[in-house]
């Protein structure tokens, strides 16, 4: 049986070439069968459960947009109270559901150290409602609510760093992942699965070809470039120790990444902005590498 | 005129010896008159504005518990749209209002880099409703919803680190303060006031003698001890640079701090727990001192 | 099964502890706090074997018990006013998903201005949602209603969430004699919670999908019918409970007290004061019609007891701003098709904790004698001397 | 002032841009998204001179425009369904604070199941809050109502927030000819926003204090009266607007179309279909009574137009689960005291986007002829052939 | 049917609410029906607060506040400066003030009886702290005869079940006051 | 009063909705009343989608969906496998399919006229991409006479105001189809 | 056993039932595998959003090969793009 | 000028009006300043939650001294606790 098909059937209504669908296949494969998924509203909910059909073959619940982490809290506590300590509970949502509107619930779960896995599949926008800006949208990207206009060239704020914010919450385990590096992704999900106690959060890059104005066939290409340009760093923080999982020998130019995507079209040739983005990437890497090198103990769960 | 009285009249209904009232006096003094305060529900709202009376002499608005940062966002944008670039807008709330239930709004404002000042006065519990556990409650403290019982000895999670979480949001300026160090507190508020653009967040220790079961006369004593034991670190992060403002020569024993407070009574003599707390303090200081020493560039606003 | 004097909130906590509840999630808010604190204390002392979640907001409180119920654990939360308002979105979702949650509401006014005292606006504003709502008169009734609520909610033909509404302060903070039915008896009455569609890796299913128009409408109709039909189960549960535990609240939906030709229609703790006045003949020719379940609305039952009265005086502890009190509107609808139907008037009383005392009740009844049918009046307390 | 074919959402954005709005804060949700996107585009292109806030949730959207209004800036937001439900707590607070917000609601069903299509449950569930609610039939009416909304809300005798309700998809996504009144004329009509109690360091004041029972009740009564009294201003504003801009919507509160003895009472876009049928004589002996302002409820006006009919057939695009449709309940209340009053029946139609087509309307009217007064029926679409 | 209404006036933090609760428990132990409840404000420590109790032979249905009490207990004589106590007592009712001397500010009207007892002193002597809220009930019991000393003791034990030492001292002080008034 | 109803069937992403919108604009430019709206599903790119248009001489009040169209445009012949097109057309109505050949799967019933036009080919030739949604309106205009070519051109200009090049090519292709059908 | 449509609250017990919905009909381009070039490396399988590629035994070849289930393939062509051996090409779908 | 109670929505224009509420009545203990010992250092002023201490000229002394406004002093005794010169003592309040 194909990857994830045991848990996640085809026939779902995602767009052709959807990166989130690829992410779901690998996440669900890594999670296996003994799991309950609590999902936030978003593309991967609307496209997968058009009543009376469902793509899921593992138990799955959706309530509203904002509360996946809290529903998961309740599910996990219920299992515990019933003596089931094996089934893992996963809160799953997009950047909108987990970084913006549902972040209060995510933060609450992290603060309580809920024994759940939080998966953020990050399409860097509200894909479901037609590509509006989110906290996950990168600087400069044009979205329908941060359009590249005559006066304002796309989003003017930097991407919210949900992974490091989770670290500062003393999450048990924090990792970033990318479907182009699917083995790494699956290994991280599996690691989170095997752990017990404490909140594990995995932040996954999920290209949205429709929203990003990328040719559907280039979904994985773009994902790879995100890593090769340094824009998407693969790392994990375990017991307070940061480990960067992959360091490109040389960073590819950011413009190469931008070129493939309509959402950055207006920035092509904008040296000033591109340099700013590259400086930003550099600074982020410098900070993270220093933290890794100096062996700085980040906040950890007890 | 006494400190803060220009902005904040007496006759409010706070308990005798209330640390939050001391904090408010200094904060309001430092903010001056050209300011609008947007406040969350909590002790300092209920006790100060019993209709038809108000303690405030500067414009002040309260809507609900969760939205101080968002109301402030609107107020600031309105001023901007009306060409007023001088009046500062402050979102003010307790640990409940800003670290828990209203943290989504705080995080949203930080993400957008709203040009506002966020003041968190942290009584380490929901004081207004009778001292329930909050994300700000320290490990081990007994509160009415995390009581020291026969089975569970008080709160079992560590205090949520709102200041460093704000840093990871690339806040423009983040600082911690304490009323026992009132001059430092006022200087920090003033610094935040003078800045323009970007979100400034100040996290202030606010002893609640009633809730903590502390003799009202010991409010400042306890506040000082929090700093001397290392439990409350005074620092600021500006342009990504961390500066620890005060380093006790030697940390006083945590037990000295606990002894004064009924909320920790059950931990006296609990060597195991006290050692754990002290280790925790040490680790936090080690991390922060390393970050300071290595000059690690923390995330900053462009 | 002796009675004991205790605080209303403590009584709630103690009965919850006896209901074999497995997950409690709550957020503090006046006047609900004592319920949660009491449960927290029992939990910390190991006196109640369940998970206790100190969530960061009410939105998460209801979400967590929704998740817990879906995963097959009997659950509990309590809230009030702003907290209930914050839950609004999930309140609707819970009913739509047909999850048998039980929630105690410590009724309190809604902001603005912020006010911590009792009225019914908070739960009345959720009357569309599909929850069963039981309004209680005494602490004892709250205790009994919590047990009944689980039994009703979990009934296979119901599968609906239930709010047990108790007046803030009037019932949450009162000390009075109350009997807490013992664990063993309650367990026997309720049986084990056995949600037929629980989340379970051994029997996977999907909950909370997207509903296209035709399916949505069909599921809503099914839901609407479930709420209507729950009347039968509410009555049955009430009767069996009455048999086993010895306490009767009208027919479970509605209670009539006295036999005057003027019917005072009311809900909640004020009914006690009205009964006291009827007992003492302080309200001439008045009977009390107490609505216990505002949802489902006991339409036929209400028509039966009201249609032959001379006048119906509704006491609304809420107002649908821009029209009238919610109870009044629905009582008038119910009676609409009767012949020779009574005059019906509305008094919106006790908003934001204004005490609905004997002076107010006298004022209302006397005024009702003189005004025309359709009279709607907000009594803010200034009409009557406060020093009755 | 020529008409142009454009999308309903675009028309809303364009009229908002002409209302001298200074702060916009919104969060996307289907079917409101196009409104916000259009405004975002205009903002990014420098075509509208205002602050545009991409908040992280609807709770913050309404909080931000509340703050902005309090600080003296005319503001705007739009939302729908789950978004409005999430705002619930602040919706009540805004009215209590008497802040003249204007919000467009793209009406959509409430979860669960999640459904993105049109019904009125979302805004009906806010009917208690103290907001004025205007339900529109056409895109043109939405455009005109937005302008009127600011004028009404900001009137010193009103100072209440206003919801302009437009049916999701039916109006938000329709392209049709519409006239957008030009900026200059709209500015003149509205005048500058001059909130008398704005937050201003030069004139400090306190907003949103704690209200003790007596003060709370007094302020609520004041609020209730403000909502009732706003009927007058709504009519006046409607009339002046009609004079200046040439479009009439009944008397501003209520519109009667045709003169059949059977009155179909309805709100929103379905009224267009009903009018079409009346024009074509496809509904024998039927007239349409369109409620434009459900809040304040035009009680007296409705009695006037309904009392002498043979039958009143209410179309509710909502249901208060456990009783009946909200419009029905209030229409029955209004008519209660009439002599020889008509039979009144309720049809809950179009839940979750089920198309209320001519077949449905025929079904409803025919059925209404045979059933008794008091008949309440949920029409989920299965009753009528979908291929009318 | 005889029903008696009691109001307790104290300061936030002084335990006026507990006082009414203990009284309700005591009356119940004596075989009566009872009800006690606070008037809830938002005042913090130090501000005046009221609480109420009803004692009756039959089930108590009435749920309005107590406007004119049969008995009014004042835990802190200083409050008499700020609170119009007389207006809250029935004609012919009784006020019992914790004070070393007859409260001169309190002019009897409406045939109201005024008693005083130096509860603070007794509390300091026996309990070691000025906790007067519960022990004032000793005076009430003695003067009104509406609850028995035994009932009070049982109620105190129940209320302070987790703090037997506190219960013991409170019972002792209550008894002392009870007996002193009987003389 | 004559009102005509048009349904456009396409795939998500193919622009069926834009097509109906352009048509509504065109009719209005011709001095008629019009209305266009999508049937909204949650399908993503690739799934079948409908959109609707009404054209009338008088104000259009009707707001129900279009059940039986006078004209039905099929942007992608492959859809005929999955969608029962005939049931959505009025008796005596017209179906216009984008196809190289007469669609054999489509059995005319109820007196329905079936036309086809190789729009994809024309689009590829003129626009360089297979954008057929707008240009299919050329065929509609030609067959129905309900909108003028001029009206269409104006509508296209309006719809693509920010992309004049796109507008130009679309107009050209529309005209090409329009004329080819006239012959 | 109860049927999904008989259950309350929109619960779905037909797990994996979207498989009924053959998304192959959405396809505009069809990926075609050149079995000669395909090494069976499985890379395409990892990246197909639909999970409609399996690497399995194919008649006439010893080694397992890329096999596409056209019932579900939406024609995104990620497989073509990612195949390191250029074993997949595309043709316009025609039915 | 309008009065607060005439305004809609609970708006309060009497800013600082809690000053009407003399919280001095709450006091159980009264802080008493020993003017001889007081150096006028102002530390007590900084920490008084009520802001009811001012350091000002007092008859009979050259240097300004700690002055307590007993109208508002709630008697928390922070001033006493924090005075480095032990210049403040407390007595039981008696009125």
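A, B, C, D, E, F, G and H are the chain letters, set down in written order, and residue numbers restart from 1 in every chain.
Please note the rule applied: contacts are C-beta pairs under 8 Å (C-beta built on N, C-alpha and C of every residue); 3 or more make two chains touch, one makes a residue touch a chain.
Nothing here was measured: the structure is a model prediction, and the numbers come from that model.
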Most distant chain from chain F, judged by the mean position of its C-alpha atoms: E
Pair of chains with maximal C-beta contact number: C-D
Mean-CA-position distance for chain G and chain C (Å): 54
Inter-chain centre distance, chain D versus chain G - centres from mean C-alpha coordinates, in Å: 48
Distance from chain H to chain G - Cα centre to Cα centre, in angstrom: 79
Centre distance in Å when chain A and chain F are each reduced to the mean of their C-alpha atoms: 40
Multi-chain contact residues (two or more partners), chain B: 13-16, 18, 45-46, 49-52, 54, 56-58, 62-64, 66, 100-101, 103-104, 107-108, 111-112, 135
Shared interface positions of chain G, touching two or more other chains: 9-10, 12, 15, 23, 26-27, 74-75
Multi-partner residues of chain D (at least 2 other chains): 54, 56-57, 82, 86, 89, 93, 96-97, 111-114, 117, 204-212, 215, 219, 223, 355
In the complex with chain D, residue positions of chain H that touch it: 7-13, 15
Residues of chain A that touch chain G when the two form their complex: 1-5, 8-19, 21-22, 25-26, 48-58, 179, 182, 209, 216-221
Contact footprint of chain A on chain D as seen in their complex: 27-30, 33, 36-37, 40-41, 43-46, 54, 56-58, 82, 86, 111-114
Residue numbers on chain E that touch chain B, as the complex places them: 12-13, 42-47
Chain E contact footprint on chain H (complex, rising order): 23, 25-28, 74-75, 93-95
